[in-house]
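Structures given as structure tokens follow.
Shared chain: subunit A. Partners: subunit B in the first complex, subunit C in the second.
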Partner chain A sequence: MFDQRGQIRIIEAFLSIAVVFSAVLVSANLPSSPNLSRQHSLASIGAQALVELDAGGTLANLIVQQDWAGIKQALDVILPLGVSFNLTVFNEEMQQVNSQLIQNSNVLGREAVSVQHVLASQTLSVKFFVLRLQLGWAG
Partner chain B sequence: MAPYLSDLSHRNDPERLQQLTSHLLLQTGTPDNWGQSRITVPTSFGLARAGSSIPYELDTDKVTRLNSANIYLLSYSTLWEALGIKDIAFRIEVRTLFDLSISPTSDSTQGGQTTYTFDVTTEKTGMPVPTNLTGYVVIGTYSNKTSSSTSSSGVGTVSVSIPNSINGTALLIVFARAKANSQLVAFNAYAFGHQSPTPISSGSFTSLNPLNHVLNASLLYPSVVISNAQLFTFSYSFGLDLKAQGVQTQEYYVPSLLDASPVIMALTGYNGSTSFAEWVSYPQLPLKVGVDFENTEGTMITQSYVVTIGSAMYEAIVTLGGTV
Partner chain C sequence: MRQRRNSGQILLIAAFIMASLLVSAQIYIVDTGKITSESSSGALMDFILGLELGSRHVVVGSLANITNGGPTNVLAINLQRWSSVLSRQYFFGKNTLSYALRETSPYTSGIRIDWGTNGIGISSAYSNFTCELSDRETEVDRAYFENITTTVTVESHYLILSGDAKQVNVTVNLLNEDKPALANQIIIYFRRANSWQIPNADNNYEITDYGNGTYTASFIANIPSPTIEVSGRVIDQRQILVQANVTSAQI
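Moving on to the complex of A and B:
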């Protein structure tokens, strides 16, 4: 009787070790959220691009002048190679302001991140704009 | 940042590496003006300009001291010690956000002067960048300015005229400013012979080392004579004042300018009968310092940043990876 119980205990112990060991093996080989890291990187790049372009009121001026092609050109230069973007400009009532698409390629269907940035025009009657920049890795 | 700097248990965490890449660009280092002194070795490493209210504004001198062509260079091992994170190796690249290339197309002589025409291309990895251009030609004590532009296809021409009463090595310096944003700039220079043989490559006669608004020119031969020292930006040009003169060394004052443009300094002169025209940019770019990660295994992260140096924007690419 004791021999049978003892054997079952030993088998249980082996099974427990096997379960724990396999769990350790599987978790050690799991990537540490690579997609989250890439998305974080993309969001950081996008936010920084908008902040830099906004320095000195340049970006706000381009929006007031409705120079959508100029904004696209600036983003083309500032954003790294391989990043797709789509920028939408809203006014204070969250109505879309840009009459043309500001994008280098379509981010639809890609794993994309969205960055929002608020800026003010440096004009006599101050206008506020909300910028929504969607970014995705091309390819 | 403290956990990312010291906690080795997270050495393979991409989040930690990502935070450290921006740490290098957002911190001033210690002392916070370590870039300005020719001999100061920082006790902690950071490239940000002291007192700046703009994020990712880098110090012109700190960046310049990363360039291997500058005699006041800090070696990678010194920088690594100053960073103080033993399990991390790094590489930093700083360059213009787009490229400018110059190629000669034709020359014609008429009315006692020769007009040289060059194709100028402004692009970012094949994508055209429409720009406004300013070109300067320098030869001996003569210099001349011209303006032009590149089209939406990123191609333009610059023409410069030089009197035939002079001869020697001429230098064409071209600045490009993106039409969309005046802080986006690129530059390049092209040396050519005017009624003289093709010039010897730049750096053959002098070593030019800008730092802390002083240009140190080390003359590589006792027979080298400087005839002219000039400063150029997108909007301005003027002669440099001599600060000091030593044995095979001359130093010039470099004034602070508000122009959103890199500064290019050009020296012309002679070594015996051979004329030369040499130049350097301030900040001294492009540069690359640090470890080559090409064959490295393990976690590595590369992050690109838009940085401001002296009111103009550049690209800084920081790569970090584990050393063990």
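Moving on to the complex of A and C:
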């Protein structure tokens, strides 16, 4: 009787260990939560940067003048350190306008977000552009 | 009896583990959903902000075009294009931007060009907008307006120096939406023998920029007539042209 009781306890202990171990295994294999809030803040930073540059008409003027280096400089100043960006400018027919890359470093291989902004120039002949800004945390 | 109590422990442990697994999975799902929803509403607000900015730029550019000799229907054409571009670029759902150009006096088709002879010149464009955005979760109706107005006031006095020689002083004030604004270009004209002339270095022409939207100009010219008509033609930094004429008063 004593031996049987001991065996059951051992089996119980093994079963408990198996249950706990499987729970640990299952929870470890759950897909890790993507850092959505971090991505969201990056998208927000990007959108605000574009709006700020667009507010005074600076961004549209730089595009009309095809001053791609000027746009890169402006984004370098306005975006926080440690943010990689790549900007593509399209006209209203969605044809790419920028003949040079507008980026500070390559965002390839990084967890990146994309922000889209539509803008109108304040020029005598009003032009419309669609901007696609890809952002990623560097490093 | 004692054995049954012991074997119940495993059920309790298993129940606790399963409950904790279920709770953590639920928390994960709720958190993820919350962040996605915040992200979506933030993107919506950014889109609305960009939309209002763009509308303003379209009105400014169109007014600049019209005051520099363009057709008055440019405003409607540009706003139609803007609405069309926007409707193709909203990926969260349906977007409709409609506009209504102001037709109440003194506006016609959203435009007011009032370049008076009383020393006040007004170039203005006015449009109301309604934006309807809808997606699976939200529906936003937003009404706003854009009133772009460049105003110039021109005042002038003259002093008889000798004979027909007169020193004319002109003060120009420029306003954008009733706030002092800087000019890109100011040209002063005076009328002599039925023709408008621009004073130059031969007339000792001088202009002073006070940096607050106020400019003073002075020149000396031989004008036989006791009535001196002066005109100020100003282009502001948005390329909007405005003009005003005034009769100079003798000091």
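Quick note on the criterion: the second predicted complex is superposed on the first by the 105 of 139 C-alpha atoms of A that agree within 3 Å, B and C clash if a C-alpha of one lies under 4 Å from a C-alpha of the other, contacts with A are read in each partner's own complex, and residues count from 1 in each chain.
Please note the rule applied: contacts are C-beta pairs under 8 Å (C-beta built on N, C-alpha and C of every residue); 3 or more make two chains touch, one makes a residue touch a chain.
Because the structure is a prediction, the values reported are computed rather than measured.
Engineer: So, A:V51: does it touch subunit B (first), subunit C (second), both, or neither?
Structural biologist: Touch partners of A:V51: subunit B and subunit C.
Engineer: Which partner does A:V77 contact after superposing on A: first (subunit B), second (subunit C), both, neither?
Structural biologist: A:V77: touches subunit B, not subunit C.
Engineer: Considering only the touch criterion stated at the top, classify A:L62 as touching first (subunit B), second (subunit C), both, or neither.
Structural biologist: In the superposition, A:L62 touches subunit B alone.
Engineer: Quick check on the superposed pair: does A:A120 touch subunit B, subunit C, both, or neither? Answer first, second, both or neither.
Structural biologist: A:A120: touches subunit C, not subunit B.
Engineer: Who touches more of subunit A, subunit B or subunit C?
Structural biologist: Counting contacted residues of subunit A, the larger count belongs to C.
Engineer: Mind working out whether A:E12 is in touch with subunit B, subunit C, both or neither, as first, second, both or neither?
Structural biologist: So A:E12 only meets subunit C here.
Engineer: Contacts for A:E111 in the overlay, against subunit B (first) and subunit C (second): which applies, first, second, both or neither?
Structural biologist: Touch partners of A:E111: none, neither subunit B nor subunit C.
Engineer: Check subunit A for residues that touch subunit B in one structure and subunit C in the other, and list them.
Structural biologist: Of subunit A, residues 37, 40, 44, 48, 51, 55 contact subunit B in one complex and subunit C in the other.
Engineer: Name, in rising order, each residue of subunit A that touches subunit C in their complex.
Structural biologist: 5, 8-9, 12, 15-16, 19-20, 23, 26-27, 30, 33, 36-37, 39-40, 43-44, 47-48, 50-51, 54-55, 57, 60, 92, 115-126, 128, 130
Engineer: If you look only at subunit B, which of its residues touch subunit A in the complex?
Structural biologist: 12-15, 18, 22, 54-56, 97-98, 124-125, 127, 129-130, 178-184, 301, 303-306, 308, 313, 315
Engineer: Would you mind writing out the residues of subunit C in touch with subunit A in their complex?
Structural biologist: 3, 6-7, 9-10, 13-14, 17, 20-21, 24-25, 28, 31-32, 35-36, 38-39, 42-43, 46, 49-51, 53-55, 57-58, 60-62, 64-65, 68, 70, 78, 81-82, 85-86, 89, 91, 238-239
Engineer: Which of the residues in subunit A end up touching subunit B in this complex?
Structural biologist: Touching subunit B from subunit A are residues 32, 34, 37, 40-41, 44-45, 48-49, 51-53, 55-56, 58, 62, 67, 69-74, 76-78, 80-81.
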